[in-house]
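Below, chain A partners chain B and then partners chain C, in two separate complexes.
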Partner chain A sequence: MTATLTGSAARAVPSAGTAPRPRPRRRVAPYLFVLPALALFAVFKLYPIGRSFVISLHKTVGGTDRFVGADNYERLLHDPLFWTALKNTAVILVVQVPVMLALATGLAVALNSTLLRGRAVFRLGFFLPMVTGLVAYGIVFSVLLNKDYGLVNWLTGLAGLDPVPWLTDPLWAKISLGLALTWHYTGYNAVILLARLQSVPAELYDAAAVDGAGAWTSFRHVTLPGLRPALLLTTVLSTIGTLQIFDEPYVLTGGGPDNATLTIGVYLYQNAFKYFDFGYASAIAYALAVLIGILGVIQFRFLGERS
Partner chain B sequence: MTAARHRGRSILLSSGLAIALAVVLIPFYWLVVAATHSSREIFDSPPPLLPGGHLGANLNTLQNTAQFGRVVLNSLLIAVVYTLCAGAVCALAGYGFAKYRFRGREALFGLLMLGLVIPAQVTLVPLFQMMAELHWLNTYQAVIMPNLALPFGIFLMRQSMAALPDELLDSGRMDGCGELRLFWKVVLPPMKPALAALAIFLFLYQWNDFIWPLIVLRDSASFTVPVALAALQGLDETDYGAILAGTAAAAIPMALVFLALQRHFVSGLLAGAVKE
Partner chain C sequence: MELERRRVLRMGGAIAAGAGLTGLTACSGTGGTGATGQGGSAGEQDKGRISVWSWQGPAAEMKALVPEFNKKYPGIEVTVEDIGNPAIWDKITTGLAAGGQGLADVLHIGVDYLPGYVEKFPGGLADLGPLGAGAHRNAFAPGMWQTVSPDGKRVNALPWEANSAGFYYRADLFEKAGVDAGALQTWEETIEAGKAIKAKTGAHLLGIDKPASQADAANFFQMLLQLQGAFYFSLSGDITLDSPEAVKALTLIKTMNDAGLVSDLAGGWNTLMSSLKQGTAAVLPMPTWFGGIIQEQVPEEAGKWKVRLPPAVRRGGSTAATVNSTHLAVAGSSKHQAAAWSFVEFVLTRPASQVQIYKGKGIAPALMAAYDDAVFHEPSPFFSGQKKGEVFLEALKAPSSAFNYTADYARALKLVTDAQSKVLLGGADPAKVLKEAADQLARQTGRKVSR
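Up next, the complex of A and B:
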């Protein structure tokens, strides 16, 4: 990159009026700026993506890789655990993501309200969970939600309720996972929505008020349409994140009880780094990538076109 | 709306959100309380609600069972080096994509952004094999290298750099500035807020990253904080007092950094997240 530094003193000032023709070093410079990123991306992302596909067509038998074609993908279709993992992930996607985004929308509207005092403190406070590492809050939640000794059951016990088997019952474990995810990501999504909300012109609300619109009507006809691009973004990000979910179930429940919180991410990890079945794990990874692609396209169609 | 009604609504909304915020913050409060109690006390009934006197003993246990001092140093070193290197890669690329027109610009940028939607899991197995072939397992560079060209960071930088006026660059060039010096002397100084946002994001990302360090760090002396904490939780007799003390110890510096620089962080992220 030293070439871009030398000879700068010899450079003539371009005469006014005629557009200066780009000099050789200015034609090379942009490539040098983006080169480190592209090179690293090629080595550590593109190449592994290709290699992963090759691995997914092989099976390791006795230390050597044998080409097996589509066998791993075929096995996937008949693997009940894969379908369990897929179903669990889908449940989180269909239940937790909409609840979280509705909460985030309400929170964003509230944080944007001129009626609210101390808005900066609230924004910061609700964003704080996002800063906490997944492992850290997974550990905290696993103790808080302990059936016999946890703070949560102690509190509900004060209200006379029976202890809830938060992490040891298949249904409650799913609910616990959903609660943990909602705790972690709602404030983050609210901040994204809030930024968009601030760009909705105040005149639109004034006009709605003049037309006699109540709070709900102006929310439906002014706020929601204004939020659409940000809602698309948060929906897509949450979908991608949910499909890849790994840290929370790994730390909180280990995928149990009885595989109730086994996600595709955890199942992939188990196959790769517990059973060292790299071929099968890579097939799972590719199935996951295809799924994310399909859902991404659907969401862009559905939410994008109507705007 | 009458003034009284206005005030009533304001109080209602503010107190409603305050209660919601309190619920959100309970895990933080409880983490601090639990970190200062022994495992036995944490699982007492009723559970402790105020800080106790066991923090020192917990940290001691942590040091003895998990070499926690070493683990924290590992995490710090990795996060700092990663932030500096990834920050440089992202800022250079963001500037290149934002302020130059060149053949293949859109295609190359699109290629990088593909990294945002391709699940990280697709690359886990081949990357692990690459690290093994390079004999990089248990090394710092194995953790640092693969995510240096972080698509989100490049995206963020391109958005921020695009806001820089072209006149500023042109006047720098008129003064005879070379392109790299221009970047260093003219472009970077006004970008400080955006760079601060990027730095916090990169630091938090690396400090909290779990699955990749879990895979490439196999020897407990090379563990990062999240990997060490998760390993402690997996033991048969889990000392929750010690684990939670470690969790709190790891969270406090993060919270402080975040609080000190939060203005840049949220606004910087938003600039990247919402502009279409």
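Up next, the complex of A and C:
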């Protein structure tokens, strides 16, 4: 018995000493778990990204791909339509995004206010546009904004105003696009800001009130600094979203009139699927990716530093 | 008996064509992207499961033909899918770019896309020659064979619709204005008539999608060009966007617009339909197939409408032009090319099929034998008792210029619609914007501008 016991104990000791033995199994498991996600990422993201770069160095001539080096990128620099698309996208970025984020901040503060009754209903109301199908809302807007048969002009007509060429005048088309985007995304940004707002400690407001701060002062010195990380996030997300914008101009104006609402996304699409120029379209995609990267870095530098 | 003989003849032709062309295909040595076998080797002619991609009206009409098709080919199971237009173009493009993955066996393709698909995706569409298409070479309207078989050897598709330029007009409005629409010889005269109509009835002469919200905004411009036998490219593929004919066409449009005779159809199809229902314009310069749409949309206006061929651009010039066409092709990746071809042949080369489709949706066949049917020669109560079918048959029989759409048609069209928008919305000079467009197209495509 004893011998057996000692024997088993003796055996138990070295086995305790080789405790790392099951470790390899423990190491494999996490990789196994992330493998499906990694494989999917590699197949559906990494591979297309790489392949797209390879395509961007080629040109299809007579059905065969010919390596042309940086030709497509060079062509990009001398293409007036690419610059028009870039300018249009930049205008939306500079005008629409700040207006939308200011609106979203105002909304978030309002929705956070305890003075407001039925807050949940309002939150839902402002968030609902976000879940509307992009194409569906594009079509609804194009019907609403039709110059001759649209509801908006019918209403302003009742007020005695001249019909506005919402989608047919280069300037108004840009404004219409901005309106549609603002309607669609303001609620989404407001919800992100609202979530952050709720983590700002109430004591800070109390302290500010004790110090005699009014509503504006406490907004400037308590709310805004509190919102900074969320503002950074919404700014970066909106920038990326705006640079890639496609659905709205595609459905609303088709990039027109006379390319007034042509965005980089629409131009990329036209080159790939209308002109079958996949090499050039891929070059546009890479130019866009580089732009987004640069702008993202700049925004993190300026907004992120002090947070 | 007669039918039997025809079938034997056709088979003979098919075999001869097949023997001749398989050799050629083998020699041509073009790199196929998605071709799985050429000619009759891919599947049996009377067996298999095939799918067909088309859109709205034509899809419905092909579906209706399937039971009859199955009486002849019980072994072929056909699924017709309505992909919708313009969605079908993206879907075909994606499929072709993916080497034919996921494509249907039979594809319905417009003349504006066909050359692009053929040039950019060699082998993406099957060569119908070896399957027997050559036997039908002379069955279609003049110019159609050149469209589907530019080199006269490879057959990329079979013609379906051949749409001639038409001039649908509200006879009651013309009458009120005291203008005899039938007597208008040129578009200049028509502009004068338009002024009278605007003054007396308030209606515009016609409508154009001025900001080019849809890709087809330049249809009218293109029609004016084609009436002059001109196009965006010469037959050899040079750019002719700023030819004197093009400048003339755009100048006519500018004159109309400056005189306040052009209503804005921004918004595309829906706006066009609203405008039709509201009677905004006196004239719809639309091709053959549009007659069926008018009849469907405003049935209560029966007897108020008439149709004629469009006035000429220059006095004594042509009033006939085939402005567009659609075709059925077989995917190069199809595993049942022979069965798919059987369906294509059944739909497009039998007068009975085409007559039925014309009756259903007013789709104008390119198949000349179809016009022997009485339905094309009946007076139409909607069009004031006119024999509408005969009007267009006259145009179809007229000598028609062939147009080279090239693989760069989509780019050219975009530049043309932009130029037109500049003229219509900003009052730009037609010659100047067309020259800019031609130069830009040359930079984009590397083609020469013919001046």
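Just so we're on the same page, the second predicted complex is superposed on the first by the 282 of 307 C-alpha atoms of A that agree within 3 Å, B and C clash if a C-alpha of one lies under 4 Å from a C-alpha of the other, contacts with A are read in each partner's own complex, and residues count from 1 in each chain.
The working rule: a contact is a pair of C-beta atoms (placed from the backbone, for glycine too) under 8 Å apart; a residue touches a chain by one contact, two chains touch by 3 or more.
This structure is a prediction, so every number in the text was calculated from the model and none was measured.
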Scan A:F273 for contacts with chain B and chain C and give back first, second, both or neither.
both
Quick check on the superposed pair: does A:W183 touch chain B, chain C, both, or neither? Answer first, second, both or neither.
first
I'd like to know which partner A:D169 touches here: chain B for first, chain C for second, both or neither.
second
If you stack the two complexes on chain A, which partner ends up touching A:W83: first (chain B), second (chain C), both, or neither?
neither
Thinking of the overlay built on chain A, is A:S142 touched by chain B (first), by chain C (second), by both, or by neither?
both
Check whether A:F67 is in contact with chain B, with chain C, with both or with neither, and answer first, second, both or neither.
neither
Regarding the shared-chain residue A:A110, is it in contact with chain B (first), chain C (second), both, or neither?
first
Of chain B and chain C, the chain that contacts the larger number of chain A residues:
B
Let me test your reading of the model: by the given contact rule, A:F302 touches which partner, first (chain B), second (chain C), both or neither?
neither
For chain A, what residues appear in both contact lists, the one with chain B and the one with chain C?
142-143, 146, 148-149, 273, 278
Along chain B, where are the residues that touch chain A in the complex?
6, 9-10, 13-14, 16-17, 20-21, 24-25, 27-28, 30-31, 34, 42-47, 88-90, 92-93, 95-97, 100-102, 105, 108, 111-112, 115, 117-130, 145-149, 154, 174, 176-181, 183, 204, 207-208, 210-211, 215, 225-226, 229-230, 233, 240, 243-244, 247, 250-251, 254-255, 258-259, 262, 266, 269-270, 273-274, 276
What residues on chain A touch chain B, complex-wise?
1, 4-6, 8-9, 11, 13-14, 25-27, 29-34, 36-38, 40-41, 44-49, 51-52, 55, 107, 110-111, 113, 115-118, 122-129, 131-137, 139-144, 146, 148-151, 154, 183, 187, 191-192, 195-196, 199, 229-230, 233, 240, 243-244, 246-247, 250-251, 265, 268-269, 272-273, 278, 281-282, 284-286, 288-289, 292-293, 296
Okay, in this complex, where on chain C does chain A touch?
30-31, 33, 89-90, 93-94, 97, 116, 119-123, 210-215, 263-264, 266-267, 270-271, 274-275, 407-408, 410-411, 414, 417-418, 421-422, 425-426, 440, 443-444
Looking at the complex, which residues from chain A come into contact with chain C?
60, 62-64, 78-80, 142-143, 146-149, 167-170, 173, 253-254, 256-259, 270, 273-276, 278
